[in-house]
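Here chain A shows up in two complexes: once beside chain B, once beside chain C.
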Partner chain A sequence: MRILQTHKSRIPDAPATGSSINQVDWDLLWERFGTAVVTITIWLIAGLSTPRFANVDNFVSVLRQSAFVGVSAVGMTFAIIAGTFDLSVGSTQALCAWGAVSVAKVAGVFPAFVTAVALGGVIGLCNGSLVALVRIPAFIATLGTMFLVNGLTYILTNGQTARFSGKPFVWWGNAQVMSLPVPFVVFLGCALLGAAILHRTSFGRFIYAIGCSREAANVAGVPVAKTTILVFIVVGLFTGLGAALLGARLYSAGPGLEPGFELNVIATVVLGGTRLAGGRGSMLGTVAAAILFATLANVLNLSHVDAFVQRVVVGFVLLLALSVEGVRQRLAEYWSKRAARIPQSSQPL
Partner chain B sequence: MNARKPRRHRVASSQVGLMLLMVAGVFAVLSPRFLTPGNLLNVCTSASVVAIVGLGMTLAIASGNFDLSVGSTAAFAGCVTVSLVQQIGVALAILAGLATGAAVGLINGLIVTELGVPAFIATLGMLTIVRGAALIYTGGRDIYLYGQTQYKILSSGLTPVLLALALAFVLWFVLQHTRFGRHILATGSNAMSARRVGVRTSLVLLGVFSIVGATAALSGLILSAQVLTGNGRLATGLELSAIAVVVLGGTPLTGGQASIAGTLQGSVLVAVINNGLNLLNVSIFYQNVTLGLLLLGTIALEALRTDRRRTKQLTTR
Partner chain C sequence: MKHVLRTSKLLLSVTALTVVTVISLTQSSVAEGSAKKKIGFSVYDMQYGFFQEMEKGTREASQAAGYDYVLVDQKSSESTMVSATQDLINQGISALIISPFKPDALGPIVDAAKEKKIPVVIDDIGGGGTDYDVIVISDNEKGGVLAADYIDSVLRSRPNNSKKVASITCEPSAVYAARRNAGFETRIKELGYQVVTTLSGNSRQEEGYRVTKDILSAHPDVAAIFSGNDPMAVGAAQAVADSGKSGVKDVLIVGFNADEIALQAIKAGQMGATVQQVPREMGKMTVDLATKLMKGEKPDYSNAANREVYVPVNLITAKEADALLKK
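Up next, the complex of A and B:
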């Protein structure tokens, strides 16, 4: 039975053959498309109830807003599928954004983005080495680098915000291409690239393998340490890119840019259906979840909901979305127990 | 359950103690003001605020869980208490604050045990919700307590230190000498087997989360008593410092082991370093850097040592 279920969960389109298998099917459907469905539902409700929601300008602003958390979340999806995560992205973002803005001031746009991405990559390399080579648990290692990078940013910036409003630089945060906001286009590009890496390369397969079982992956010859380091570098690279976009959007950046950013990013990835335990997850979910959070904030703003109440709502959405799976499992357990009590209804294999 | 501590974590715990002595010695030499009674009291007070949450967190980590919502819970409980002091008196208000914390903890526990949400996510969601609740409750403004000297008792003199020590003793006793304590460690080392041998892990976790909530509330009360103000933004980031202190103290994140003494020493160590850097006129920006380096350094040493022991075992076998 158990084997059948796991087997089934790999083939989403296979026809359902029994009542208890249907449970698994629903779970999988929810995992794959739940976030997208919820996002669209919220769009419909908001469009009907809030007159100012359904217009092009507002959509553009929602999509743009989703990109800043989203780009970093693309990287974080890699980490969470691999069964680790990175708490240092908030500090990394502040440092990279500051780096981008200050370099843009003196050297132009391209060096600015390179600086941000490279800074992110270096921090990712540190995280990865600590986790994979020194074997510190990811939680502690990235907690440590979080404090470290945060302090470093304050020291480097002396607590000051860097400002720059040169046209070519802020274009990346504020302009539109074919009526789509530039940051969102970059975000989509990142997501596509991420999905391609996850599903079309051996590196991607290694990530899923490590997330399912480190031990098994190691025994099967997956270079676990190398892959883990690369995963953290990927997180850093994407975070650096997102940070540069945010710096461009805000015309400025400094320490303490977005407090709680790391938890927002992790929440986005997890809401997108990626299992925190690792081994399962997809880019589509992450994109949908990033848009969902941005939509939620936008709708609440448009309906004059107090900023404090907004936090509560966001927390509730996160908990609601994530308890669906647990409640379903509970119900499935209950049903299978009831089925076991009645001998006739036992499942024919 | 064998009550004897495994060797590894005894080592970690004494390591923190040693480091504490060394750091304190260095600061005593460098700054004449470090060893004055007034300054030591300052160090102990700021250490005990983190230590109290850290002690609760030790229990949570020993049971194989986290609680990321403690900072928000501390703020919320502080606001509730401060707002109630005028109406129902200090003692009842403090009780109400602690009850608020325990209730938040209980909700955390219910989400984890009944809805099957991993503790990391459940308490992450609650972090946002409770912080929002605290801000809604205060309307984003400060609640001042003018002339309420009675409430100030909570934070003045040796009270925070005594509270922390008393709490440490109680939790140590619970862990070492009660069935509940053994069940916590059993749940943390392997929840599935604990359930198989008849431990009611859901109840254990509900208890643990409630205790964590109450300890978070207690440090929130002390913080709010220090400034005689209820503020919804109090104790931001407390969750991560609390976890850092527990980890420094040698409690492994894998669960099943707890070092109460280690957590106390870890929080004193962090407080000593912050205080010493202040006395030496080092910019406050460096405090985070040192905390990060300290955390990484300690754990790296620990990880490398267990690694070497593991390879040695393998080769001798």
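Up next, the complex of A and C:
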């Protein structure tokens, strides 16, 4: 089970070795807190440069907006740590949100959320089975379900939007508790739950193990297929929950709810410091990245950036998000090389 | 673990610092406050020429009236429509103008605006059954009347034409587009014609083609066809041409929208005319209405029951089509 230790063993124990070299593992620190620090820095800059940014209403809407991508990103963090990903979350979101709104209209809030989460879970089960049992690569399998679910949604909805503005339902998307928007509170709850599962259960350890090395995990007796299926189900469940919240926010849902949603979710997770190749990642990063993206969209609107330029900026940030990992790895290599050099040079002394 | 702990402390202090800065900034921004009124426009999608024109009209009218003007783009996304418009409302605008991508999702926006006592002017598409103040739309019914008058003026000059015409409608859910056909049918009957059939082409070109084929085989002597939009009109023109007839001389075809495909077809002599909507004028109208609403005055509704205000439309024949294409 050595592979399970690699992650933890990177944390320097910092015993008093008498060495004057600062042994802080910057790579790990960046992975854990980098995005949070960047987010706070951006808030500071935005607060100073954009007059309308620093007011309570605006913070509330930024946090609210972060939740809709965020809840799904909590699930996606599981998938990406396990070394896989799910492209079907955008279609799943539209179907689940439509399901939630339609059910809320006839049966009330609780059945609506159950429907959305269950629909998400079923799609996740399909994805997981295709990847783990039929052995279709995740890219192709989830691309397939993306089209399938999207088409299905158009057939079921007949291209029309479902609308429902019952107060108990839209409360979940629009209200505030203790001046925090409800979807954001749900998002934080999901992230805490996700972190607990990742770090406190054997399922969580299996996910890290599979992400580090599938073969090694298999040899070590990790139930790879079962874990993979469960991971996709988790993605579906969280996406379903996020979709129900979005349906409540919009008072409505239909096909084509949020174009490019799946890429926003994946970008959020990667920007949050989770390694796209799997094996490493944290929930804190995902939460911070979700807030960061929502802040970015908000600041662009507030500073009246031209609509076309906004597209460029968002594309640029997506690229940046995806190159952060590579740059970080290069930095890590540099640091470890440097660390390796120093004892050598100190040997003659 | 010490280092992680130390970083957490650092992080906490940074957060605290942020909070302090933010609070002080909030105070100052509240103190500042400007006297100039601000108009916020949330546009459907700036990728489309129609909405670029609408935005131009809105911006020019806002600036001419001395307002600050703020724009957000919904980028054809329901979710962005609500979040971006919420950003607009949070900026302290005095009036909201919106051309909604999905009228069904207008609920949270209108509720948020009403909470801040901001008037809501909707530009085209639909009101989604919400509590908006006024909606600006093209005078669709008048467009149908213009088409009927044009058809009559052309057919009158021909010696032995039949008095039979047909009408093709958009998809059933497009309530505003349905008024085009209603206006056309009422007027053409007044002029002494017979509407032999009204069929839906679901707003699509290929269905426009198909229903026209049906019309031609059931009523070979039909003299004119009015279509609720241009794609269906172009489909109809193709069907007429495939039957070895002319869309101008034998079966006069008139569309609606002044889409480029239709202008090309008119120029090529495949169909007679189309009716043009003027998004720029619609944009101007929304600002005039916002001004009235901000003063607490009531707009002059064209249809008070649905809080609608109509913007005039133009008839486009071969001459105008040529000029429009050159633009």
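Annotations for the structure displayed:
Just so we're on the same page, the second predicted complex is superposed on the first by the 297 of 349 C-alpha atoms of A that agree within 3 Å, B and C clash if a C-alpha of one lies under 4 Å from a C-alpha of the other, contacts with A are read in each partner's own complex, and residues count from 1 in each chain.
Basically, a contact is a pair of C-beta atoms (placed from the backbone, for glycine too) under 8 Å apart; a residue touches a chain by one contact, two chains touch by 3 or more.
Every value quoted in this text rests on a predicted model; they were computed, and no experiment measured them.
Of the two partner chains placed by the overlay, neither chain B nor chain C lies in contact with A:Phe113.
Judged by the touch definition given at the top, the superposed model places A:Asn298 against chain C, while chain B stays out of reach.
Applying the stated contact rule after C-alpha superposition, one finds that A:Pro259 touches each of chain B and chain C. After overlaying the two complexes on the shared chain, residue contacts for A:Ala141 are found with chain B alone; chain C is out of touch. Of the two partner chains placed around the shared chain by superposition, chain B is the only one that A:Asn150 touches, whereas chain C remains out of contact. In the overlay built on the shared chain, the residue A:Val170 is in contact with chain C alone; chain B does not reach it.
Applying the stated contact rule after C-alpha superposition, one finds that A:Ile40 touches chain C and leaves chain B untouched. Contacts of A:Asp57 after superposition on the shared chain: chain C is touched, whereas chain B is not.
Contacts of A:Phe316 after superposition: chain B is touched, whereas chain C is not reached. Overlap of the chain B and chain C contact sets on chain A: residues 259, 308, 310-311. Listed in rising order, the residues of chain B touching chain A in the complex are 68, 111, 114-118, 120-122, 124-129, 131-133, 135-136, 140, 232, 236, 240, 243-244, 247, 253-254, 283, 285-293, 295-296, 299-300, 303-304, 307.
Those residues of chain C whose C-beta lies close enough to touch chain A in the complex are 1-4, 7-8, 11, 14-15, 18, 21-22, 25-26, 29-30, 32, 43, 46, 70-73, 75-80, 82-84, 86-88, 90-92, 102, 104-105, 107-108, 111, 128-129, 173.
Every residue of chain A that touches chain C in the complex is listed here, in rising order: 11-14, 23-25, 29, 32-33, 36-37, 40, 43-44, 47-48, 51-52, 54-58, 61, 65, 68, 160-163, 165, 170, 173-174, 246, 249-254, 256-259, 261, 297-298, 301-302, 304, 307-308, 310-311. Note for the complex: chain A touches chain B at residues 87, 130, 134-137, 139-141, 143-152, 154-155, 159, 259, 263, 266-267, 270, 276-277, 306, 308-312, 314-316, 318-319, 322-323, 325-327, 329-330.
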